[in-house]
Amino acid sequence: MALVAGRKTFAAGKTLLLRAGVWLGAEAAARGGNGARRFVSQRVLVESDVTAGIATIKFKNPPVNSLSLEFLTEFIICLEKLENDKTYRGLILTSDCPGIFSAGLDLREMCGKNLAHYAEYWRAIQETWLKLYLSNMVLVAAINGASPAGGCLMALSSDYRVLADNPRYRIGLNETLLGIVAPFWFKDVLVNTIGHRAAEHALQLGLLFQPTEALQVGMVDQVVPEDQVQSTALSVMTEWLAIPDHARQLTKSMMRKATADNLIKQREADIQNFVSFVSRDSIQKSLQVYLEKLKQKKH
Amino acid sequence: MALVAGRKTFAAGKTLLLRAGVWLGAEAAARGGNGARRFVSQRVLVESDVTAGIATIKFKNPPVNSLSLEFLTEFIICLEKLENDKTYRGLILTSDCPGIFSAGLDLREMCGKNLAHYAEYWRAIQETWLKLYLSNMVLVAAINGASPAGGCLMALSSDYRVLADNPRYRIGLNETLLGIVAPFWFKDVLVNTIGHRAAEHALQLGLLFQPTEALQVGMVDQVVPEDQVQSTALSVMTEWLAIPDHARQLTKSMMRKATADNLIKQREADIQNFVSFVSRDSIQKSLQVYLEKLKQKKH
Amino acid sequence: MALVAGRKTFAAGKTLLLRAGVWLGAEAAARGGNGARRFVSQRVLVESDVTAGIATIKFKNPPVNSLSLEFLTEFIICLEKLENDKTYRGLILTSDCPGIFSAGLDLREMCGKNLAHYAEYWRAIQETWLKLYLSNMVLVAAINGASPAGGCLMALSSDYRVLADNPRYRIGLNETLLGIVAPFWFKDVLVNTIGHRAAEHALQLGLLFQPTEALQVGMVDQVVPEDQVQSTALSVMTEWLAIPDHARQLTKSMMRKATADNLIKQREADIQNFVSFVSRDSIQKSLQVYLEKLKQKKH
């Protein structure tokens, strides 16, 4: 499935639209007329500036951008396309759902399904992380909402994190609060980002940091007013794209390969761990109770 | 040696007293009458709040809470009891000796004894550390005095450190000042806590940090007025105990297992190193001179 | 091979001068009369205070103290001499060229030469680093000028870094800016110094830090007015030399051995990597263009 190259014939470029995983060609692009390609799947919105070589992925899985299997599948396809398309050198991750970057794992994928489903789900989670963490593109997280657990992981796997200065937008790996344990590779990424002691403290207590705290501990790189998150992400991206790609990519790989390999070499065991954990009766019961509560909240 | 369950029949519970490694039963507890169990050995005083699930160990090995073999033996037994007693989820470490948390290794155990004694002593030091570092309980150090060397190690092995704001209460691994080298696992714990560069700097110079410096470098988590150390430790403990035990314990183990295993897998070699180092004539002479000076100081 | 006596007959004592790698003996020293030996090679100036046990190496390879093979050869010989001479317990590294500490690798050694030359050059770079990083002496970098790339590496390999407070004196591993990648052991040293996240950020962007930033990120330990760099380095040295040598050396080795071994065990492969990288046509062309530009600048 070849990506159609943007035939930029005027200043700001064309718009390409992609639905259901297929990039729209020049004709559709022409209708866009605003100098940007656009990729639309049901849950992953991709906008791109061909001229600048920057794509923006907006998570659109309301209400909380939970990482459902369908969302992850679209996300992974999308990341693969962008990765293989030389047009794109930078990728901004942000949310289309107000107030939430991503709530992380979708508990519904972990409850009342069969073992094969749990395995498939966990493999998708792993795959998403590996694609993000090892991307050859510059990844900037424009964090415009709360980002607990898996949402935090996506932010931590970027190259730079800009967080909106809103006290409700807390970020952290809060697994212990739910009675569960963050996978070892979540931990590895956190240790790489904020150091061993701060990670131990944060993980044991399941700390969710408010913007100022997140900046101080090193969980994010910059905190800006909410309406400047996207523009800041863009100017950070410009700074990063000034670096020769090849040298930057090799450097990134040098920094991250050991951590990624740590998962890759025990990937199947990690899946088995997840499956056997999540399929326990006690865990299934807890999840059912929790999901029931969530449903009642909505009514 | 079974622990006697606290039969809490009134609001704040009972007091249990334990002497010579035996918990006192309900009768003795009743005499306490203040809602707390109490364990008294000669050198390790244990107070406990059964209701809250919190035990407090007070080091009582005057004048400086040096880690003598007798002290360590009582301490290890005490830690085992608490670890195996489901009543206790949290443990506060503090000192009963004014002005000193613990002075660390007892040089008298390292001087003028036979090789078997040195080996036994070092094994006890290792065992104490492993029990502290891998404890399933939440460990909070209420550091109400100076804590050089082995005293510092005990603090670093806790989950959280509260230090009294007194410039005389310095903390650090000052081994080089005495012409000796901190064991590699002391180093590993320090690196985990304050990072590689700060650890290299501190260890080479044998730095003892005053409270403000200790906080800044990350050697402790909080500095409070001296009369608030215990209450702060208690409220920190309450915060940590709000986290589901099992998830927190697994998380703690995930963070610490590699460091502990690093000692466990070369434990015998580490003992042999210590024995051959300490039994050298030159070291024995230095220790004798040093101990002689200490004796004269007292007179 | 002439022994030139130090003609310093005033101020602080004796002067020893050494040309072509030979220390002047006691007789010459006596004529100096100020308690200081002096070693002069063409590119590496060594001054020493025998009484204090401190040597100072001044890089003198104008205009930018680039690490040419000749410079490195003299530097390595010099380091070996000092290392093996019990007189010296401390070594200060500084520059004799105004405004520059060291510009790092000499591109002329990497361009238009044969494979054997590239291999010899890279082995010299490795050797220099290993000698600095594992030195038994206390190493203090008195950074009195810009120190990009290899210049930064020499500073990072010292035990303590004092940087002159001049905004033009930037320090960092800026390899990506030139389209190349820092060797993994440069990266290891940087991670040890400023942590994983800051290193990833700095290396990907090839950041050169101004003094204030360098202090904040932990790239240097102290920033002082330019005219106080040498005196500060000296007083820091005095502090470090107060620590018993043997304990400090073993502690330093305990902190650094794993990182050095990481290069040592794959040293030949690292050389082969460098040779095959630098001998590529594309790289040779880039280097020629770059060097041509530098030449034109001078005219």
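Each chain carries a letter (A, B and C) given by its place in the written order, and its residues are counted from 1.
By our rule, a residue touches a chain if its C-beta (ideal position, glycine included) is under 8 Å from a C-beta of that chain, and two chains touch if they have at least 3 such contacts.
For reference, the UniProt names are A, B, C = Enoyl-CoA delta isomerase 1, mitochondrial.
Model, not experiment: these values are computed from the prediction.
Chemist: Rotation angle for the CA superposition of chain B on chain C, to the nearest 5°?
Modeler: About 120 degrees of rotation relates the two copies.
Chemist: How would you label the chain A and chain C contact, same or different, if same means the shared numbers make up over half of all numbers there?
Modeler: different
Chemist: Which integer distance in Å separates the CA centroid of chain A from that of chain C?
Modeler: 42
Chemist: If I count partner chains per residue in chain B, which residues reach a count of at least 2?
Modeler: Those would be 195.
Chemist: Which bits of chain C are touching chain A when the two form their complex?
Modeler: Spelled out, the residues of chain C in touch with chain A are 175-182, 184, 187, 195-197, 199-201, 203-206.
Chemist: In the complex, go through chain B and note every residue touching chain A.
Modeler: 159-160, 191-195, 218, 221, 239-240, 243-244, 246-248, 250-252, 254-256
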